[in-house]
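Several structures are given next for inspection.
Shared between the two complexes below is subunit A, which pairs with subunit B and subunit C, respectively.
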Partner chain A sequence: MSNRLLEIRDLKMYFPIEEGMFKKTTNYVKAVNGLSLTVNKGETLAIVGESGCGKSTLARTIIGLQKPTSGEILFEGKNILEFNHQEMHQLRRDIQMVFQDPFTSLNPRMKVGDIIAAPLKAYKTTKNVKHRVLELMELVGLKPEYYNRLPHEFSGGQRQRIGIARAIALEPKLIICDEPVSALDVSIQAQVINLFKDLQKELNLTYLFISHDLSVVKHIADKVAVMYLGKIMEMSENETFFQEACHPYSNALLSAIPLPDPEKEKTRERIVLKGDLPSPANPPAGCVFHTRCPFAQDSCRENTPPLEKRGEEHFVSCYFPVEHKPAEKARSVVN
Partner chain B sequence: MFKKKRNLLALGVLLLVTVATITASLWLVQSPTYIDSHQRLLGPSAKHWFGTDHFGRDIFSRVIVAARVSLFIGVVVAVISTIVGTVIGLLSGYYKKADFIVMRIIDGMLAFPALLLALALVAALGGNITNIIIALTFAFFPVVSRVVRSAVLQIRNIQYIEAAKTTGVSDPVILFQYILPNVLSPIIVQGTFIFAKAILAEAALSFLGVGVNPTTPTWGNMLQEAQVYITIAPWFSIFPGVAIVLTVLALNVLGDGLRDAFDPHAPAKRKKRTSMVSNGEQKIA
Partner chain C sequence: MLEVKNLKAYIDVDAGVVKAVDDVSFSIKAGETVGIVGESGSGKSVLALSLMQLNPKPPVFYPQGEILFEGQNLLTMKESELRKIRGNKISMIFQDPMSSLNPIFRIEKQLIEAIRTHQDLSRKDAERKAIELLTDVGIPDPERRMRDYPHQFSGGMRQRVMIAIALACRPKLLIADEPTTALDVTIQAQILELLASIQKKYGTAIIIITHDLGVVAKLADRVMVMYSGRIVEEGSTADIFYRTSMPYTWSLLRSMPNIGSAGNERLVPIQGQPPNLITPPKGCNFNPRCLFAGPECLEVDPVLAERGNGHLAACVLSQREFNERKRQLEAVEREGVRG
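Now for the complex of A and B:
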């Protein structure tokens, strides 16, 4: 398919645990453990999952901040892990990132204009850098008089806009958003998310949108992928996910969304998972979710369920997917 | 930081010494090398403010002129060892592979007391101003590189460095435009302290007889000459000593002031927070 922008095949990212005086590697933290997914041009793939499931590691690996242990990352059909330094430098133009924390992702000693100009100067794309920076600032809703100000003079939302302007400066094809709104107030979250949507339309961007907030995901995503312990549990289109999610873990996540209607909220059924996320250094055998799954059976403990196609663009990794459509609770979220 | 009297006073002392020694030839009544055998070892008087030495030379003139050599060595050593230390610290803090090897070498250099290292180097190279500067630089830059490295290690993992990397900014630009400005404050503070230490070390080397040529007046040389006469002409050793103490003290106070000014948690900025903290802390402040 020529429509594929990014394809990840069986990606593994292990971090060694070193112990003792000679830093002997005793074990590995399997942050990303055999993950595969595809992102098509122009769409937004949201990756959801709880803290510590490897979402950010995935983002950092795609953008090249870490070398993965094994696997393939295909960008426009080319495996970027085989790129040399020069090719990697060129690739960075096409993949940009918006970071989670707007307070640490901007250099406190650089002016806003210089922060946004940094990628332009690195690639010498334009002679009139200042003009382009002002253009970008307008695009993300920053006033031109902010050009000479320092980051500490801004609120979280405005800082995130600066970070977004920097990310779109080189007109990238893919933007990886690593929880871009989770550090912001709810009211500001909506503004920033709408900015993301507007920019996508205007600049034909593709997003890999990492989040743990399903309400945000529902608003922005075309497709949703659920991650658990470094693996994809379920992947489907947005609507399918919020109506017909059939992995027990997805259902548990969906049931945790609070409802705006207090009457319905009272009757909301919550699937509370027992226990904590198992240590990624020592993931459970078989299906990684079996330790907390209410439907786990012996076969789940022994074999790893493959990511199987269930419907159009709907993949599930489970032997016993929830057959019934999720009841009213999930649907009322959609409506 | 200059709202504090202490810092202002320190800066004043330093400026006074610097200006006095630079313009000395314009206003000094008696040449520091003028020998008058009839005026030997006289106490302080209106004519000789600090008295005279064993050759009848005016100690006041000599103290003022000696500052030139002392300050020159101090400034040059501070600047060179700060620059060398900063570059080494930046590189070893940023590149993990270089870090291990470089830091073991630095550890080795730090194992020698600074003054002993300088003493050995000067003894081997011979005592002149250039060699003293080289020796003192070798003695002091390891400390700077350690301080810079640890600051870089803290900064290196902050997201804006990663953000710069992902936007294609090259390593030299990251090092000098992103990391350096954010570690500048400890560098400046270290530089000030090294300035003070270098003056002290130069005086110590001269006093021990391995420093600047004895015919050049430096504070250390003067002390060395004066030690024989300490019982009969105490002013001979007191005035150069006081000059050293005042200059080094002023530099140290200035360094402390700079550190407070750069440190966001320093008491200097506590004013802003007093409304939020309990009364107990206000009393302490």
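Now for the complex of A and C:
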């Protein structure tokens, strides 16, 4: 389909663990372990997962910062792993990134104007760089008088705006946002989330939005993919996910988020997971989630459930998905 | 049990004096859970450290106020006496469990030290007690895990160890400063359950400091909302969430992403930045960001006033005026969305 911007097929990214004097490889950290997904033009796909699930590794692999062990990454139908130098140069223009930490991702010695101008100069897209920078600054809500200031003069939210202006400077086709709001305060978080949404509408951007916070994801994503130990557990459209997520892990994540509403908080049912995330160097056999899953059966320990279609745009990798009873669904609609 | 009266904690910096805690009064009853909510820079951590007298002096100084714990003023107490209270009657857990445990000692040593500092127990008894504590906080196989070093524990497990150390002497008051911020959501849920169960089992009063209103909704009986060094609203959890009286609290609730909300509707952020605490704005500290600020707010600095049933709010608007303004604004916003 022409609408597909990014397609990832069976991607694996293993990091060797080296031991001993001769750096013998004894094992691999399987950070991304057989992952497939597609991102369509103009939509926001959120990748959700806890720390160590491989979501940042996925991002780094897509922008070509590391070479995957196996698999394909198709950008506009072409496999970027086979790109030559010139094609890579073009790709780096088409895919941009916004980072989590607005303090370390901006050069402290560069002025705001120069930071935003850097990609423009590198790709020589425009003669009048300053004019374009001011245009970008206005777009992300920065005042023109900030042009000559240094990053340390700004708060976290403002710095994130600088990072966003830099990312959109070359009119990229895809922006990968790696936890872009998790370092910000609540009141500022909402400002930045709204900015992402406005820019998407205005510039027809596509986002791959990586986050551990499902409540943020709910407000920005069109589709949600849940990752656990380098694999996708469940993927669906936003609304479907928040109403009828059926992977036990998705449900555990949803019920782990405390609601800012004391009455609901006291009455709702929850799945509390036991234990910690297993090591990605030694993932459990069968379904990777079985060690923490409250519904695990013998078959889950032996076989790996495939990512199966369950509904329109809804995929689940589980043998015993949580059933949402029609009555329960109706009640949640009434509420 | 704990009573704080008109406490000021200022920080002396090159650019001037930061009014980190500015005239704060409140009290904590035995066995209750109180949430202190605020954004970074609102002074909540300085307040928490003041209660333990752990702020570095200088640059922090206390120009005014009293912190009465069981009738004794901690502000005027000698260091040697403070040591008998700290970690014994009042203890604290911090955001980052890795940097609050000593990386070069086994968990065993750190736990037993905490126990034997305040209790006259033999090594054997202290060891038995340590195992008991680790079992209490849900660490599997405690006899073996005791011999491990902090780096051998995961983030959630480290926080459990911190809680075990904090509980070593059955404190009357436990101060938890952002205890789950560094943890993943599923681990956060485990730690919050643990804190709730400890509270039930031992009747320990808990002060939980957080920026997450969800955490407060889950755990707290009472909530204090801090903004730029002051408490701007205080009340039962239901008062704060359902009968909000202060525009800041209300704005904060509106700006929170919420998975319980209907669709993926637009969030309503609070415009602007938190104020500079060296030269706070004239009048009400929140007026530059407040949607209801009138000319009066630029002049009058509102104090906490009773709104019924122990619910306090610092705003010039009465509850009726506030509700009325809120309704008008929401009507306008709905109109705006449709148009």
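In this text, the second predicted complex is superposed on the first by the 324 of 335 C-alpha atoms of A that agree within 3 Å, B and C clash if a C-alpha of one lies under 4 Å from a C-alpha of the other, contacts with A are read in each partner's own complex, and residues count from 1 in each chain.
Following the convention adopted for this analysis, a contact is a pair of C-beta atoms (placed from the backbone, for glycine too) under 8 Å apart; a residue touches a chain by one contact, two chains touch by 3 or more.
Source: prediction; values computed, not measured.
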Open item on the list: By the touch definition at the top of the document, which applies to A:96: first (subunit B), second (subunit C), both, or neither?
Closed with: first
- [ ] Considering only touches as defined above, state whether A:81 meets subunit B (first), subunit C (second), both or neither.
- [x] neither
- [ ] Examine A:238 and indicate which partner it touches, taking first as subunit B and second as subunit C; both and neither are also allowed.
- [x] second
Open item on the list: After the superposition on A, what does A:281 contact: first (subunit B), second (subunit C), both or neither?
Closed with: neither
- [ ] Considering only the touch criterion stated at the top, classify A:150 as touching first (subunit B), second (subunit C), both, or neither.
- [x] neither
TODO: Considering only touches as defined above, state whether A:218 meets subunit B (first), subunit C (second), both or neither.
DONE: second
- [ ] Spell out the residues on subunit C that touch subunit A in their complex, using ranges where they run on.
- [x] 39-40, 154, 156-157, 184-190, 192-193, 211-218, 237-238, 241-242, 251-253, 255-261, 263-271, 273-274
Task: Touching residues on subunit B, where the partner in the complex is subunit A - done: 158-160, 162-170, 173, 177-178, 181-182
TODO: Please name which positions on subunit A make contact with subunit B in the complex.
DONE: 60, 63-65, 89, 92-93, 95-97, 99-101, 104-110, 118-119, 122-123, 163, 166-167, 169-170
- [ ] Enumerate the contact residues on subunit A facing subunit C in the complex.
- [x] 50-51, 155, 157-158, 185-191, 193-194, 197, 212-216, 218-221, 238-239, 242, 252-265, 270, 272-273, 276-277
